[in-house]
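Order of writing sets the labels: A, B, C, D and E. Residues in every chain begin at 1.
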């Protein structure tokens, strides 16, 4: 492999929309290995932070920098959105699309896509129009489509929100496998159990700021801030 | 109150789309009180079943009948969709919309809507365009919009999927309150904890059919079918 | 008829009419065929056209009260300055057309059943030729005078036009007046009031006033005196009743 | 080409010196077109929405016919309106022929199918988004139509502007039912046609530029009023 | 009104007896219009998409101008093309004036802005849906445009049909650059204008009905080919 795109460095990064600061300033580094879980109450800025890192949200202040030039870093990331975006095509064509973008011949892309679909339990749905899938199936599709690119870093925004217990376990296995294979993962979730199972380190967002960062075991055992403590207990965070 | 619209009776009800049976035949009765939780793996037909009951999915076979004529029953139900539908308006106008449909003057509808928004933690977001809300905030909006109509029966399709711990607890409180005030609730969820906390009875969907129905305590303690048992344990349901 | 306006004469007459008899004449400019139709339907109070046969049919069917000749102008033959058919040396209109046919030089016809078109057809007939048998050098444009002149200018073709339209035409290109003066090319304009017995809403009194004016002294002076580039366009020939 | 420059200069000189004749023509063009667009929108927008939310037997055919009516040749419309309004036609008694009203009627007929078709297309996407919610809220037909039209208003602007464009540039029908009568029914397009017939291309082109300038101004105005481009979603 | 019935009957009799003159006219109408629509779509659809996905300084103004160009008066376009193609114009050497090619050029100029505007509007909604995904997948401009055009193809049909409608019914420009020359550049609309000028209103209306029938047929054909109405989302 060529030079890694990591670490990713955020230095006073700010996301501002029409004069309103949604997130920041954020100082943060995403190192070369690990699985970072982003937690925090609704509207605290998790999604915005992930988008900022991925380059979907314009940086209004400060810097967001990869270890390689931006142009090189762009193609080596994947992102799974909080509400999955389905192209108005068949399931198999949705999953194959990133490959086709990379110039893989259509037939080959389709058959690879079929394999990935099967891994995510969508083997039966290949020829169905993607917009008609059930909520959970859409999430699975989005995951398959993100992983088929074999990215160096994978951003996941609550990817298991609509999944059943078994699917969650299976996908966690896939993610852990990917992590073992060298994929860096940054994931937002509200599922405390999932966070405990997967996280190597935690970023706790609160009011649009990074309120606390810590290795996972420390965070869950002994959060330093009162807000994180309250959040872990499901208490009212004020 | 006039004659209750309940019970709701499904008698061999089938949902079929372009020749493919999605759900059914289903025989089921939703009685006058209680909180029914619909569970089941992804793609098992929970959403389709709820839509069938609510009248959003055409009944292709069998019957779906309320205790009163259909026309009367229509206006007395609410539904929260799995992926919240935001009208391209401000938050307050989204929540006020059902009231305005019922002829409530605009000013009054707005102020009532503001109260409900506050109850759901959207007090700060009133004037924001709804499509820009965060995932969890959208779900809260959808819940407020459904409850503001004070329906006799409330269908909820995984309403807490993107919510943080505190919001889930608050909304569960609101739902229990509504239930105590006489609102019948039918809710699909993957959150086993939530199901245990809220359910009075459970409908377990599997492969497009109602596989098992039982009062909640029985279901969680001793499911009769192997599939339900596996599901509860998060095992592979085959 | 279009030539009345294209020539610019209407811009001279109308203000004077307004001044003299206080009448606001609303001019609707359409081809002769359409003008006759408007008269039949009673949508206008009077028409000014130039196609004798059609006019007589119109009167015979009872749509108009009478026909009053006002003035005439003349048709001319126009062609590219190189004059490939040498028609400028012809002595009658008929020989000029025969020369064009013999040379198979491009010729654009109105082809729209207008007064001008009918005149052209009658000339071909007089020349013993039938346009239906002509090859692709004979182009029926199916359009008004202006549009036909535009086509002729674009194709460097011969074309027959009324003098007024030609003098006022701004897109002459390589075209020049090639032949004129043969008396068969005279073009009589007539005024026909619409019959009030058929269309009671017609403003007969005003129309009569207008007719009087058009056949009167002032009109004669203005029509005969109207010149473009020093050329007289119309000759007043209304007779006192 | 110098001709054209000259014609344009002439035309704009007329505008800037506020030549009363030209102003009258421009004013009438605007009056007729704006009125026609408003009327056609009042019919076309709800019709487009209505076709979206209703499923009936010949829906597909109806939409195809509506689309086809976008191709109504103006001359035919002009003729039709002429025959209706002519003294010997059914509405002859109103004496509307060769008045601006007749021109408005013709333009409404021409642009209503266009506005309805485009708005139908626009609203379809919005309906796909709103369908479940509006059905669930037990809305009446009319409530659905108003919600769709209101929330889609910025996108519907394109439909109205397309109608405006078609109407302001239209000449065939206007000529037949209006008659291009000086100081009464002469508008920009009929003036252009008249000058073209006289072979005064330069002046005709100049008037054309005036017309386009007018259209651009109005479009910019509408866009900035509606701030279509400010928000990315609405 | 009996006149009209008679004219229609006459016109359809000509069609059904396969009158060679009428068939020639109909054939040319179709050939010219379909070619023009195809060319205009090749330009207009990507242009519409391009305007959606690119943010640049005068984007809003550009779109307003594009919308305004929908109002290009056909007569002005006709004049412009005439002057370009005339012997003394820059492209005079090709001798294209008064040929079907000239008519196609004029129609392309007229309908391209229409197709681009409507497709721009249509694609905007789809882009709002796809934006994040396509950006995230690091697509090139061209890949974005093709994805949007492909997935929006059924909706884009309306844009093309609007263009077809405008082109098939257009007469002003066609008349100037084509000349309505019998057996060479005469199409349905110019025939209608001709018959109107002759006062043959009935026959003109009859031809109008033929034209509309043609348009309806083509619309139905396109709709059933694309099965626009079968699926509710696409």
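Note that in this section contacts are C-beta pairs under 8 Å (C-beta built on N, C-alpha and C of every residue); 3 or more make two chains touch, one makes a residue touch a chain.
Values in this document were obtained by computation on a predicted structure and should not be read as measured data.
Where touching is counted per the definition, the chains common to subunit B and subunit E are A, D. Comparing the centres of all chains, each the average of its CA atoms, the largest separation from subunit B belongs to C.
Set side by side, C-D and A-E show the greater C-beta contact count at C-D.
Between subunit B and subunit D the centroid-to-centroid distance comes to 46 Å (mean Cα coordinates, whole Å). Distance between subunit D and subunit E, defined via averaged C-alpha coordinates, is recorded as 17 Å.
Centres computed as Cα averages put subunit A at a distance of 28 Å from subunit B. Multi-chain contact residues of subunit E, defined as those touching 2 or more other chains: 82, 176, 193, 196, 201, 233. Residue numbers of subunit B whose C-beta contacts span two or more other chains: 132.
Residue numbers of subunit C whose C-beta contacts span two or more other chains: 30, 144, 147, 150, 153. Each chain pair that touches appears in this list: A-B, A-E, B-D, C-D, C-E, D-E. Contact residues on subunit B toward subunit A in their complex (touch as defined above): 17, 40-43, 47, 82-83, 121, 125, 132-137, 140, 157-158, 161-169, 190, 192, 231, 233-237.
Within the complex, the subunit C residues that touch subunit D are 2, 5-6, 14, 26-30, 40-43, 144-147, 149-150, 153, 168-172, 199, 201. Residue ranges of subunit E in contact with subunit D, taken from their complex: 1, 4, 59-61, 63-65, 67-76, 78-80, 82-83, 113-114, 117-118, 120-122, 124-126, 128, 131, 155, 158, 161-162, 164-172, 176, 188-189, 192-193, 196, 201, 204-205, 207-208, 211-212, 215-216, 218-220, 222-224, 228-229, 232-233. By the touch rule above, subunit A contacts subunit E in their complex via residues 54-56, 74-75, 77-79, 81, 85, 87-89, 97-98, 101, 129, 131-132, 149. Subunit E meets subunit C in the complex at residues 82, 86-88, 97-98, 175-176, 179-184, 186, 190-191, 193-194, 196-201.
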